[in-house]
Each structure stands twice: as structure tokens, then as C-alpha cells.
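First up is the structure itself, then whatever we jot down about it.
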Amino acid sequence: MSTLHTINKSPYAHNALSSCLKVCAMNDGILLLEDGVFGALISAPGAQELQILIKHGANVFALVNDIKARGLEEKVAPDIKLIDYNTFVQLTLDHRCVQSWY
Amino acid sequence: MSTLHTINKSPYAHNALSSCLKVCAMNDGILLLEDGVFGALISAPGAQELQILIKHGANVFALVNDIKARGLEEKVAPDIKLIDYNTFVQLTLDHRCVQSWY
Amino acid sequence: MSKKILLVSRHAPYGSSTAREAIDVALAAAIYDQDIGILFMDDGVFQLLKDHQGKYINQKNIDSMLSALALYGIEKIYVHQESLDNRTITTNELILDDLQLLNSIDVGHLLSQQDQLLSF
Amino acid sequence: MSKKILLVSRHAPYGSSTAREAIDVALAAAIYDQDIGILFMDDGVFQLLKDHQGKYINQKNIDSMLSALALYGIEKIYVHQESLDNRTITTNELILDDLQLLNSIDVGHLLSQQDQLLSF
Amino acid sequence: MDHASIMIFSLAIYSAPYSSQASYTAYQFAVALLSQGHSLHRVFFYQDGVHNATNLAAPPQDEFDLQKAWQQLAKDYQLDLVVCIAAALRRGILNEGEAKRYDKASHNCAEEFTISGLGQLVEAAAVSDKLISFGY
Amino acid sequence: MDHASIMIFSLAIYSAPYSSQASYTAYQFAVALLSQGHSLHRVFFYQDGVHNATNLAAPPQDEFDLQKAWQQLAKDYQLDLVVCIAAALRRGILNEGEAKRYDKASHNCAEEFTISGLGQLVEAAAVSDKLISFGY
């Protein structure tokens, strides 16, 4: 079964996302939240790897409340799905475990 | 006059050192402390830039107590000067201002 | 006893309180009539983006706090150009108009010319 | 009700309390007879270096806390090889002997095989 | 939601309210799972997360009061909010009993929170379907 | 040290004790500068630094007690230890006066600390030769 990875740190400032990307499997999920949503920008460090993962079947999500709070709605990279807290709960059920990268 | 930069975050995990290196002038000083002392390792991110700065006259220091606490005494890159808290105080007097990168 | 003070704000808004509490310091310095400037660099430039909607996470908007800087008479607002470029942010996406864009060497000069630095 | 639990420890020792408080959780899990493993990766591998001297900053040695893991019956201790390599740390520099070195793909597998993850 | 799909969650919170957004996210996650009819076995506060339990915070009235929100949620759903004793003692969060034991003049742990050991985190991992960590 | 070289320092501390090493570094820096005969105008505690002021921490006896160390240093050198009121109220650090004002049953700010406004940080920057920040 697969793992849900949550990342709550900006990839411009911290290594949380890049570390996650090293071990993330193709059928895993990645959820960007809090300052982690800066990783949803098209030009963010790790953005290319995220797009490659998505092409290979991984699901990448970002908490829409955190995106809106930071004024990033128009800047999110393609195929990153914006979700609410209810869907966050559902994602934890769809995956076996949650690894929080912070 | 010149600036003393202090860095207290590991360069493997955070961008504090790399940001500092972008704006650090040749006559500035850099002090690695707390988890920032992992930046004193020969292979650390930013280690080459530190060596170049040193060759051009900048002074790079590391707090010896933090180095010893982490078992790094044998692993410090050349020309990084190990100093104690008293010398830290003196460094703040030798420079006009202190910018803390964290 | 007025000194030339620069506040350096390097952290992203909302995820931690650092950005918010740094602005409070800038406003306090202005109230006490100090010669205060503020420099945004690294993730600190995300504070300057328009269209924050902090209500979605039950926080006050940082961008509107920043709009108060001018009201408090803080005119020296500097932004590190490379930090904007790395984040593909253009100046017309920013909340403030009277920004001075600095390259990395200029930032180094700016730091060296202050009487005190307040690092956030 | 015993579950397969993996504690993931990614933070450097001493600068913050995270590494130390993560070890306390591992020891508590062992006391309560859970099937607990621990994975060191990223700056977490610095916890494993020999010759810590925490007394220089008035802290207890992390490496000696880690030596207690075996005494508490924790035998599944994993280390991310690439995290060691990036820090030019060799296994003979490490405090523990019975370490299982994993590449990045193996770490991904390990995470996916647990019942619970404790992320530090 | 049919009965078979009700899951048991526990949350582990490692960061202080206000200073970090992570406690707020955890709170919203708790609200969402409860509103979906799932069960929340325990919320365990560790590291700087213990500051969620203070009853002395007095934020400005126009700001969200997360400490108060936890207390209300605990009342509404009879939640088991547990603060790690070792982490709390080091950070100055005490209930009446601990204040007496350590000869302190006052205490500051809100009554909706229980102070207990790390075993409560381990037990939560053992009996819950899902344990989610919220770190700083 | 001759009189002319005595410098006036102030320190700004932004992180919690124990959780982060930065407060400890600031303390050692303060000890060093005082032992060299310099003057310490003020130590200003802001953000999570306000937790240095709690009098409710009860760390294990074999661990360094930083909160107590600050209190002793303040007595030895008549230091001006100032806690930012806005940061303290949000984080649950109150003295007796603030506890009354906000109708709280207890208070937890050690008596060696003064609670005051951000103006005290600004004033420290203005009158000191050196202001050093210790961040998380």
C-alpha cells in the first residue's frame, strides 16, 4: 500500500520537499500544506520532479485554504489538486500511513 | 565597515547559509553556531563558497563549544577558526553590525 | 539618539508568526521616531504578494499590515531582486509601489551601512 | 493490539530538542512492548556520530541516549545511506553497529510497510 | 456514512499555537474528521505542542483563540486531550497536582487537558487506525 | 579593560528555551560580555523567547535550568529583562497585573522579568552600541 506525504515547509527555505521526493514512490500521494504550498508554484525547487511524479501516476495535492491565504491561487502548477480539510481526512484513509516532513 | 553574519541552521536542511553567502562581502565575517556548525564540514553545501571567501580575505569562524558538542572536531574544513563565547563578543565589536541568519 | 536601523525580514507569511511579528517591530520603530528601513529577501518577499486572504486560515492579512508601513512614515522599503526572480514574482504582483529593488551586492552594502540590524 | 510502528528521525541533534524528544518516544514504545523501528535520515544521521560532548553546551549526550535503544530491545535501526554519503560520514564513524543501511527506494518501501509512522 | 467505514484517528501535535500554523491545521483536521463521523481517540500534545494547553493566553479579541477552540471541541466531543508530562514540565505547563509536587505557586493547564506520559502516545498509535503527526 | 572600551550591548531573543538552543547561546553571550566588563543595557524577549520568563518550568534536576539561570544573572548584574507584552499575552505568559486585567486565575512570569511594549526593543536599539538578535 502507499504512503501519504505531507510537507509544511517552503521548498525555497527547507529541504523537507526535496527529501520527500527522494523516497516517494510512484503510487504515493503528496500533500502540500501551510508554508509547504509555496512548493505548488511552477518555478519552485522540486517543481519538475513533482510534474514527473504526476505523469507517472502519483497524486499531488495542496490545501486550498493555505493557497488562498497566501494569494497563490493563480500561480499553482498544472495537475496539482486543490483540496479542503475534509478531503485531507479522506486522503489519510486512502493511504496506509502518513509521513509528515517538516 | 563590515558586517558579522551568524548562521545557526544546518546548511543541509535550511537556506540560511546559502542566502548569507549571496550578500556576504569579502571583508565581512561569518560565524557558524548551534546547528550552523554543520556548515563547517568539508563537504557541506556552501563549503566551496566559504573557502573562496576565505581565500579572498573573509574570516569564517565556528563556535568551538557547538563543534565539540556534536563530535565534529576532526571534521572541520581548513581555515575555519574555532572560537569561544568570549571571542564571539569580541567579533561583534570588530564588526559594525550583526546579521543573524536563521 | 536616533540611529539608522534596518529590519531584515526573510520568512514566509502565515506558516510561522515571524513575518507578522517583524512588521510589528517596524511599526513600533516608526512610532518611536527611529530612522527605520525594512528589507524583504528570501521567502520574505512572499509577504508582498497581492490578494492574500488570511481569513481562510483565521489569520489577519499580512499584506494589509504592510500597507500600514507607509502610513507610519516608513519610506525605505527594500526588496532583494534575486529573491523575486527565483520565485518568478514580478513587481506588478506586489502590494507596495515605492519599493527599492536591490541586487545581492547592494544588499551587502545596505547591511554594512546601518547602525543596527534587526534580523527576522 | 501490537502494531508495526516506525519512528522517522530527520533532525540534527542539539540545535533543537526534536532529536532528543524523538528518542524518548522510541524508548517509550519499547517499554510498552510495541514493534518499533527507527529510521535516521537527512540531518538525523548526525545523531549517530561518535564522540559527542554535550557538556560543552550543557546538554546530555544524544549518542549515549541512542546506545540505550539496544538495551530497550529496539533492534530495527535503519539509516538512509544517501544521507550519510551527502555528509561524507562513513559507518565506522557511527556509534551503533547493528544498523541496516537503506537506499532511497528501500526507505520508500519501508515507509509503505508500516502500520503507523511517527514523524520527527 | 455507514458504520463499517468509521475510522479511529489520533493526532500528535508538536508545535506551539500562534508561533506555528501546524496546531491550527491539526485543529481543522480534527473538526473535519469529527464532522464526518469518525472517532478521535486522542490528541497528544508533545514538544512545543504542550503550549496548546495553557489557560493563560489572552490573544487580541479579533484574533482566533486556538487554545479556547481546543477546550470547546473537547467539551463538544468529550475528547481526550493529553499533554506529555516530561515536555510540559520543561516548558512550564503544569496542572494543580504537578504544581504542588514541584512546589510552584500556580498552575496553568486548562482543565480539559490531562497531563500524562509518553505511553499515551504509544497507546494511541497502537489502538488507532490512523495516527497523524503535525510538526513544526 | 580601560573605560573607553566598555561597550553597551542589548540582546533580542526570539526562541523558546530547551526547544531551541538559541536562548542558551544568548545566555552564554551575556555571561561572556558581562565578564569582560561590558554593559548589558537590556535583554528583550520576543516571539517564543517570552517562554524564558516562565516561573513554572520544572526541568529534571540533572539538566541545565535556563529560566533559573536568567533569574540569577539578573540578580547578580541588576539586568533589565523585558518581555514583549503582545507576544507574551498570545503565548500565556502573564504577570500579576496582566492576570488581573485579563481575569486569569494565575500568573507565571518570574519576578526578575518586566512585561512591557515593543518600544523597549526600539529604545534598546537606539541607545546600545550593539544589538544582537538570537533567532530560532
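Chains here go by letter, A, B, C, D, E and F, matching the order in which they are written, and residues are numbered from 1 within each.
Heads up, the rule we're going with is that contacts are C-beta pairs under 8 Å (C-beta built on N, C-alpha and C of every residue); 3 or more make two chains touch, one makes a residue touch a chain.
Nothing here was measured: the structure is a model prediction, and the numbers come from that model.
Colleague: Hey, which chain ends up farthest from chain A, C-alpha centres compared?
Modeller: Using the mean of the C-alpha atoms as each chain's centre, the farthest one from chain A is F.
Colleague: Shared interface numbers for chain E and chain F above half of all numbers used, same, or below, different?
Modeller: same
Colleague: Can you compute the centre-to-centre distance for chain A and chain B, using the mean CA position of each chain? Integer Å is fine.
Modeller: So the centre of chain A lies 33 Å away from the centre of chain B.
Colleague: Chain E to chain F: how many Å between their CA centres?
Modeller: Distance between chain centres, rounded to whole Å: 28 Å.
Colleague: Indicate the whole-number Å distance between the mean C-alpha point of chain B and the mean C-alpha point of chain F.
Modeller: 25
Colleague: Could you list which residues of chain A touch at least two other chains?
Modeller: Those would be 8, 12-13, 15, 34-35, 65, 98, 100, 102.
Colleague: Multi-chain contacts only, two chains or more: what residues does chain E have there?
Modeller: 18-19, 21, 47, 63, 131, 133, 135
Colleague: Enumerate the residues of chain D that touch no fewer than two other chains.
Modeller: In chain D, residues 14-17, 42, 57, 59, 116-117, 119 touch at least two other chains, as defined above.
Colleague: Considering every pair of chains, which are in touch?
Modeller: A-B, A-C, A-D, A-E, B-C, B-D, B-F, C-E, C-F, D-E, D-F, E-F
Colleague: Note which residues of chain F are touching chain E in the complex, please.
Modeller: Listed in rising order, the residues are 16, 18-19, 47-48, 51, 54-60, 63, 67, 89-94, 98-99, 102, 104-108.
Colleague: Okay, in this complex, where on chain E does chain A touch?
Modeller: Against chain A, the touching part of chain E is residues 7, 9, 21-22, 25, 28-29, 31-33, 35-36, 38, 130-136.
Colleague: Give the list of chain A residues in touch with chain E in this complex.
Modeller: Against chain E, chain A makes touches at 8, 33-35, 63, 65, 84-86, 88-89, 92-93, 98, 100, 102.
Colleague: Sort out for me which residues of chain D touch chain B in the complex.
Modeller: Of all residues in chain D, those touching chain B are 11-16, 42-43, 46, 49-57, 59, 63, 86-88.
Colleague: Which positions of chain C touch chain F when the two form their complex?
Modeller: 1-3, 5, 17-18, 21, 24-25, 28-29, 31-32, 34, 116-120
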